[in-house]
Every structure is written in structure tokens, then in C-alpha cells.
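Right after this note come the structures.
After this come two complexes, each holding chain A, first together with chain B and then together with chain C.
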Partner chain A sequence: MTQDTTGAATELPRLLPPPEDKNRNAHDWYAHTDRYGRLPYRERQGTLIADVEAAGLTGRGGAAFPVHRKLQAVLEAADKRRRTPVVIANGAESEPASDKDATLLWLSPHLVLDGLQLAAEAVGADTAILYTHVNRGHDVGARLREALQARQAAGVDRVPVQLATAPARFLAGQETALINHLSGGPAIPTFMPPRITERGLHGVPTLVQNAETLAHLALIARRGPRWFRGVGTVDEPGSMLATVRRADGKPRISEVPLGIPLQDLVGELGQDRAVLLGGYHGTWLTGSEARKLTLDNRSLAAVQAKVGAGIVITLPPDRCGLVETANVVRYLALESAGQCGPCLNGLPRIAAALAEIAGGRFGKHGTRPQVLADVQRWSGLVAGRGACHHPDGTTRFVRSALRVFAAEVDRHQRGRCSATVRQPFLPIPKDAARTEEDWI
Partner chain B sequence: MTGINSSTALWYTSRATGVVALLLLTAVMLLGLLVTRQGRLPGLPKFAVSGLHRNLSLLATAFVAIHVLTAVTDGYVNIPVTAVVVPLASSYERVWLALGTVSFDLMLAAVITSLLRRHLSRKTWRAVHLTAYVSWPVAWFHSLFSSTDMRHGVLFLLAIVCAVAVIAAVLWRLASAGNDVPRAERVGLLMSAVHGRGRRGQQGRAPQGERTLSK
Partner chain C sequence: MAEKLLVNPIDCEGHGACAELLPEAITMDEWGFPIVDPRPLPPGLERNARAAVSACPTLALRLLRS
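And then the complex of A and B:
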């Protein structure tokens, strides 16, 4: 592999423009080819898969599934069933706390589009779709249309790319929900199997990869697996985009090597500073736990947490973790697709109970209040019983909150709360779904 | 009628299992209709209703299998083996036995697709399962007309009761479908019900009155 000056193996950022780059057009086609060179098509189906396997790239959408296995599965299903596959770049990150895919698509759209073309070549697809949210801050759609025009003018794309937008629902980025939406239906998850790698969009083998994953893939194709492994740990190589939120609440997107100490990301952590890892389907940790941990699944397994989509949030000392959790769980309950009984019936009850705890209207002094036991019991009842992982993720979040904020629960029982600021800290989208239209 | 002895045992078995099978299939049908409305039986949790529906349908299949096998093996009337699955294959009670065969085939399709449900799309499974609405009436006519057993006395009354029960249940199912809450509105409705109740401190009132949250 050729190594240009910007390609030193340990240099970060790889995906985003360097922070000192003041070029306002860093996202355009010329800046892109200047920095990364031309698109390295392999001219043969499947040869990229071996490189991806050697690189050890895993999905950056949160599940960390090995990318080469998905590619292989789609390729095999396509061969076996003699159907031409479809490739979908999933840029519809639905965690309200995350902003990394939107940022990546805004700053480096061509890298994602490169990855989409290379993935399409690797599995022999003839259709590519880029699925995004209508963005909150930037007009990502306009930038992507502009990028596609530039590529058309340069004649680089071999597979036509369609743009699709997701409804503003928490579950809209879930794989099966995405397939349902692109098929013209509401963006609600369905039961697997059939796996979408075998029967996805319109029944053909379908590869769905997170936008960031495809950007990494585009760089592995250019610079090779050894370069990719230049950062990260042996088991979990490479870098990832992390969304970090500190006291000011503003998201900072930074590209970090996997295995970076959490303290390097969020700064010095006091014992009583709670950290939320992995977003609203993630896990609350105490400051003393988080201080010892690094951002990789091996380290985080010790506290039953996961890297997920790389969201790291520290709760400011003037806010109450219980109130924040109750707000988020209310939002999550409202975002249930309303199709599986345990989720539909369970999450509103859990949300109501948490609101009761956060509001301090529960139990008498010294008794263990029934409502706490209820939340624990309901959490056990709904986990693992939906078409998607919405109930599982929500109850993981709830249980970790009750553990980390146990002292705060006692305080609330005595009618006190440690928050001095009323305004909610964790971002919560305003509009809940009211009709079927909101899911389409 | 003569008594039961070794030469008539199969014939009596076939007739008796046929009657029991009709009762079981009626129960399966009623439970199935209850499941589509997510209804409950007194003292049973919701999932137990679908569990009962499933288990009774397997039991009914077993009874139908014995009913069919004994009818074919028995020498009293000559029914060819092909008549088990091929309609109109028997010269004895040609039309009425054909109804039994059709009903049995549809029943087998429903059972097999249910056992393989995790490999099928919901659409396919449901399409096959809907044939129960054909299978049951066909089985009922087969019961009533292929022998004289069910055309008199207590058994005739039983057949009428079964028919009335199923017709009433189907009408109830159609009528209550109008009360459905659309999927997208379910969560909001439950949320406001649950939160409203929490705030007023009232317990134990069903959140949504007459409306059903099912599909």
C-alpha cells in the first residue's frame, strides 16, 4: 500500500478533517481526492472482504458486529439465491445524544460515499442507498446531493446512489425498521429471521452498514489492514468517532483510538460524577468506576457496559441523575413502536414509576418503597421480549440508574433533590409520534 | 346398533373421535378468535390463552388423525387411503367425506405453517391461518352429514351449539375490530392513562376502557 504524508498509521483524525484545517471546502470532492487519493476499486467481487477481516473492522453503529462476516453473508446469500444485493449506508443515528454520523456526513461525505461504492463492489450490489435523518443543525441532505453531483461529474460512482430520509423516531435507524421504511411502510422493527443479509429490501440480500463503518472501510481499501491496526487495541483495532458531552451540554465529536481511557475523553472524574456511556440504551457508571475504564468492550465488560456508538456524557454536579433518567425513559416509552406487548405496556409503567421516584412522591421514611421493587420487577419482565432491543436497552439504562443513583433515591425519599438547576441536561426531542404518518 | 366388539371397535372409535374432534376444533376456533382480540379467560394470563389455543389445536389434530386413520383401516365401509388427503377419492359418502378431507388438508396447512412460523413471514403465516374460517365450517358440515350420528338427539343439539358459538364469536370479533386503537396512537394513550393515574394516586383502573390495544 502506498502511504502518503497524511496516512501515518497513528495519526488522528482519520475520517474528519484535522482540527487545524481552516479550509471551508474541506468536504468537497477536490479536497477529498487531495487528501485520500482516488477510489481504489478492486475490480473483483469479494477481494476487499479479506482485507476487512484482517483489519478487524467492526460495525460502528453500536453493535460492533464484525464487518467481514456481514459482507460474506450477503455475498453468499446473493450467490445461493441468484439475486443481486442492495447496499445501504445507515446514517440515521437515532440516539438524541449522538451526533457523530451527522457530523461525519457533513464534514466528510465523500469518504462515506466511497465506502458505499466499495462495499457495493465487494458484494456485487447494483443499488446503493444512503439513509439519513433530516438533520437538526445542518442541511446534510443538500450537502450529500452536492457531493453526489460532484461525483457524477467526475464519473467515479459505478453504482447509482439514492438518498432516503428517516422519520424522526428513535427506532428509525434500527435495521429492520429501516428496511420497512424503505419498502414504503412505517419505520417499525420486525422480528428476524429472515435475516436481512438474506432477505432484506424487496426480498434481496441486503447489506446495512453504519455510515462511519463505511468510511473506515474506504480507508482500509486505500491503506490496508496494517495501517488500520496502527491505533486501537489488538482485539478492537482502529479508531472511532465519539460524541462527548460535558457540563455545557454541547456535543463534541472527536475521533479517538479504541481503548482510550475514559478520563482522556471527558477530563478528570470525581468520585461522585456520574457518567453515561452508550446513550439512552446505555449504562450509567459512577465516577470511581469510569476512572479505571477504557473505551473498549473488553474493559467495559467488567461493568456490563458497551462502547455502543461512542457516546460519553458526564452529568454536571448541579443536575439530578434520577430526574434526567426519568425524562429520558419517558421519551423512550413514547418512542415504543407499540407493537410488542411487553414494551407497549411495560415502558409507560416504568416511566411513570420513575417519574414518581424523581418527583419524590413515594414511600414512607425508612421503608423500602414498593415502587422501587416494581421498577426492578417490570424491568425483568420486559427485557428480551420485543421484536427489537428497545425494551432491553431501556431497562439496562433504568437499572444502571437505580444502582448509580442509589444515594439520590434515598435523598428523594426524604423529599430532597441534589439538582440546583431545573432545566433538563440530556437532550430530548420534543415531538412524540401521534399518528402513523409520524412513522413514515 | 350392535355392540362394540373387535370387528366394530375401529368403526366406533372413528365415530367417537370424530365427535370429540369437532368439540375440540370448536374450542380451538373460539380461543383463536379470542387471541386475535387479545382477550383473556378468567383466571388466566394473556399468554395462556394463546398457549391453550396452540395446545388444544395440537390435541385436536391428534384426534382428527385417529379419526381418519381408524376410518381408513376399518373394513366396515371401504375408504381408500388416498381419501385422507385427496378430496372425492372415496366412493362411500363421496361429497361429505370430501368435505372432511378438505378440512383436514387446511388444518394440516395451518398446523405446519404455525410450527414453521419462525421461518415464514407474518403475511404468509396469517394468510394460511385465515383458512381456519373455511376449515371449521367445512368440518362442521362433514360432521353433520357424513354419518347419521350427529343428526339426532343430543349430538345434534351439540352440533347446533357449536355452530351458534362460532358464529357468535365471529360476529363479536368483527364488531370489536372497530374499537381498535391504531398502532401509532397506542403508546400515547397508555402513557397518558398511566401517568394520569399516577398523579391522582388512583390504582387498579383499566387505562383504556372499552378500546383494545390489539391489531
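And then the complex of A and C:
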């Protein structure tokens, strides 16, 4: 058992360096051990799992799945099948609007690597892999190699860690795509079952956890469940990294308690301000909805939204939500792996129809007044019919846009648009996949 | 025991044999891909369901015990 002597603690940030850290050396091994202390190995498989369960830690990659259940499933599958498991830290956040895992790996790489070692110990793994995107802005790969060298010199890691890079594709961080890619194939999803906790990489039980999740796990191992529950809500305890984008479009990463009012994150919301929650597989909300809500799944269920990976974006008043949505959906359609008929056929049609609506080429003066009904029908038709959740997430985003921007749809029908700035606001990666090589 | 149809959407190429043999549980979308009723198969359809499963040219349709 952990000695929970520190008790509950409400101080944030826990994972990121404190704002007054002027030395900017939080990524350094010695600064890390000064702040957090040694790596608390448990010397036994499985003992950490009870602490993780008591802490109530859920996955921070978007799905919010209870972490102890995944750990338990891998441990049990390993026992039952007598195979040694693999653990994988997933730092390949695919939402272009998110930057929290790259930031965490840049500022606090050792916390993630600590979590990877402790998770490996908990399930009895002999291999660990850290999977990240090729650098976007910072050379995260170089920093991780440096971090691993420092750990080797200090002799702390018991399981060797391999670094792997994901291709710059939206779906590259999806669990089965990740396994496919690490097996030497393209980073495209495969059809489950079996679950990868039973048969994952090379057929062995595989634990995949988001990078931030592992950082929390490393702190729960040190400070205990009660400390972890010192912030957050009773049902959804702890803190999370949020990526917030306001009018200037720049991502700001902050560590916030679950249950924080959305207005505390993005500032006061007028009722005509639209908020995008959860990124490009997420949900648009009106300002009057968003200002009553808090950042936890219990609160957000009222508007069919989810915390996801903690992306909160306010659309500036000089941009058009329909145009932004059409841009993003075009990108999402191009990022389909193209494996499943409904996604391959439906997403481009939805994207083209949205472009038609956003371009004002429909309605009274246009050619296809039924285009809105088409989008609704196609959205219903593709949801739930892919091997992965790409069609589901994309159509959630589309339907919420048509609801939140209904007045803007009317305006476009009359050939008008409320945008005064033409430059796109939501970030869209430049290069679409053209050949199979782009998925490798 | 109740059974349930499951289509592997990656393997499915939309040949349409399943919808022809089992229209009670499988319809086609406007692009020629099957929409499979997610509910357990009603009694009496097992034979046709098995025929649909074996007729799929890409082995994408499966019948699972639910």
C-alpha cells in the first residue's frame, strides 16, 4: 500500500512546471527528481492497480476509460495466455487543435517515462514503447532521446524503452492503427475483436495508455489516491491538461481540475459565441450553453458533449462557423483511411455538401435546395458503421455545427456570410495523404 | 440461442449477396454497402443467415452467438 501521508492536495500544476519556474529545466533528470523524488517501484506485479482504482484515474486521451480496468485486463490476459505483455505510451495526439501531449513530453518527459516504467511493472511487461508524432514545433524526439540517456546513466529504467514515430495522419494515434504501424504496417485502423489488451502488438497482451495518463499514474504511485482526488469532482477526480484556443488562435496548455467552469478556461462567453469542445471529433456548443457547463462528462452529457482530450476553442466573432466546419470536414474526409464503404463514400459527400452550403451556392438561388437534408441523412447513415470511430466523430461534429450555426445556414441561403475575416481559424494540417507511403 | 450478424466493414466490398439472401435483416445503403440490423436475429431466419454468411465473397459477414 501507498503511504498516503501527503493527504489531499489542491495545488496545480501537478504535471507541468509551475509558472514561476524561470530555469526552464523541468525536463532535466535532476530537476525532475528534485521535484518529484525517486521512482517508486512496487517490487510486485499488480499492486499499483488497486491504487489507480482508488484514485479513479481515467484515460486522458479522450475516451476516459478507467485505467485500472485496462491494467487488470492486460495482467489477466498475460496470466491466462502465459505471454509477456507490452506497454505503449501514446503521445501521438492526432487532433490538429490539440497540443497537450507534445507539450507534456517537451516540458516533463520524465514523468511520462516514469509512468511507463510503473505501468510495465504493474502488468509484468518486458517491453515499453513511446509513440509520438514527428515534431510539430519542438523537437520532442531529441528531447526524449536525451531523457532516456539520462535515465540510463542513472540506472532507473528496468524495462528498455523504444521510441517510435507516427506518420502525420489524423488516425495515426487510434489504438489499432498504432498497433498496425508498430507491427510494420501502415497506421490505419483494423477491425476489432480481439481486444488489444488480449492480442495486441505481435499477438501479446498490450497496454496502450495516453502519455498524460501515464504521467498521472506516476504521481499516484508517489503520492497516493487521496492526494490525486484532492482536485476534480467526486465522479471524475484529478486534473487534466487542456488545450485552449481563443481569438488569437494560439494554443495555450493549462492544467485544470476536472469540473472547472468552461468560462474560467476561455473567459466570459456571450450567447452568440460558439465554442468547440473536444476538437474535430467533438461538439460545437452555443455560448449560452457553454457558460452554464463545467469541464466534466457529467455536466457535458446534458448537451451530448464530452471532455475528450480537453480541447476548448472559442470561435472569434469575425469568423463563420459554417466555413470553419466545412474546412475541417474536408480535412477529415481526406484523412479517412478509406477502408470502410460508408466512411469512404459518405465523408466526401458530406464534405462537398458542406462546402456548397458554406459557399452559399444552395437554396433559393442555388441548384440543390435539398443539400441540408442530404447532410443530415448521410450523417445518420455513416455513424457507427466504420471499423474505427472516424465516421462517428466526424458526423457528431457536423450535426452539432448545423444545430449551433442554424442562423448562419439561413444567412448563407440568402447569399450572405457573417465572416469579415477570410483567413481560416481552425488549424488544418497542410498535407493530405496521397499514396500509401503517407501512412507509413 | 439467439444469434447476431456482424459485418467487418474493412473486408466488406459491397457485393450485396447478403442483402439479397437476407433482406429481413440486411438492407443496402445508397452506395451499395450493407446496413445490418444490430438486434438478435429473429427465430426462423438462421438458415438464410447462414446462407448469407457463406455467400459473402470477401468473408466479411459473421454470425455470432449473442
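Quick note on the criterion: the second predicted complex is superposed on the first by the 428 of 440 C-alpha atoms of A that agree within 3 Å, B and C clash if a C-alpha of one lies under 4 Å from a C-alpha of the other, contacts with A are read in each partner's own complex, and residues count from 1 in each chain.
We adopt the following convention: a residue touches a chain if its C-beta (ideal position, glycine included) is under 8 Å from a C-beta of that chain, and two chains touch if they have at least 3 such contacts.
All values derive from a computational prediction rather than experimental measurement.
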(request) Return fit or clash for chain B versus chain C, each positioned on chain A through the superposition. (result) clash
(message) Contact-wise, after the overlay, does A:A172 reach chain B, chain C, both or neither (first, second, both, neither)?
(response) neither
(request) Give one of first, second, both or neither to describe whether A:L269 is in contact with chain B, with chain C, with both, or with none. (result) neither
(request) Mind working out whether A:R434 is in touch with chain B, chain C, both or neither, as first, second, both or neither? (result) first
(message) I'd like to know which partner A:A64 touches here: chain B for first, chain C for second, both or neither.
(response) neither
(request) Using the superposition on chain A described above, determine whether A:L381 touches chain B (first), chain C (second), both, or neither. (result) second
(message) Between chain C and chain B, which one touches more residues of chain A when both complexes sit on the common chain A?
(response) B
(request) Kindly classify A:L214 by the partners it touches after superposition: chain B alone (first), chain C alone (second), both, or neither? (result) neither
(request) Could you tell me if A:G341 is touching chain B, chain C, both of them or neither one (first, second, both, neither)? (result) both
(request) Across the two complexes, find the residues of chain A that touch chain B and also touch chain C. (result) 190-191, 339, 341, 345
(message) Applying the document's contact rule, which stretches of chain B touch chain A when the two form their complex?
(response) 38, 46, 118-119, 121-122, 182-188, 190-191, 193-195, 197-198, 213
(message) Which stretch or stretches of chain A touch chain C in the complex?
(response) 190-191, 339-343, 345-346, 381, 385-387
(request) Within their complex, state which residues of chain C touch chain A. (result) 8-14, 29-33, 35
(request) Can you check the complex and tell me which residues of chain A touch chain B? (result) 186, 188, 190-191, 193-194, 330, 333-339, 341, 344-345, 348-349, 351-353, 355-356, 432-439
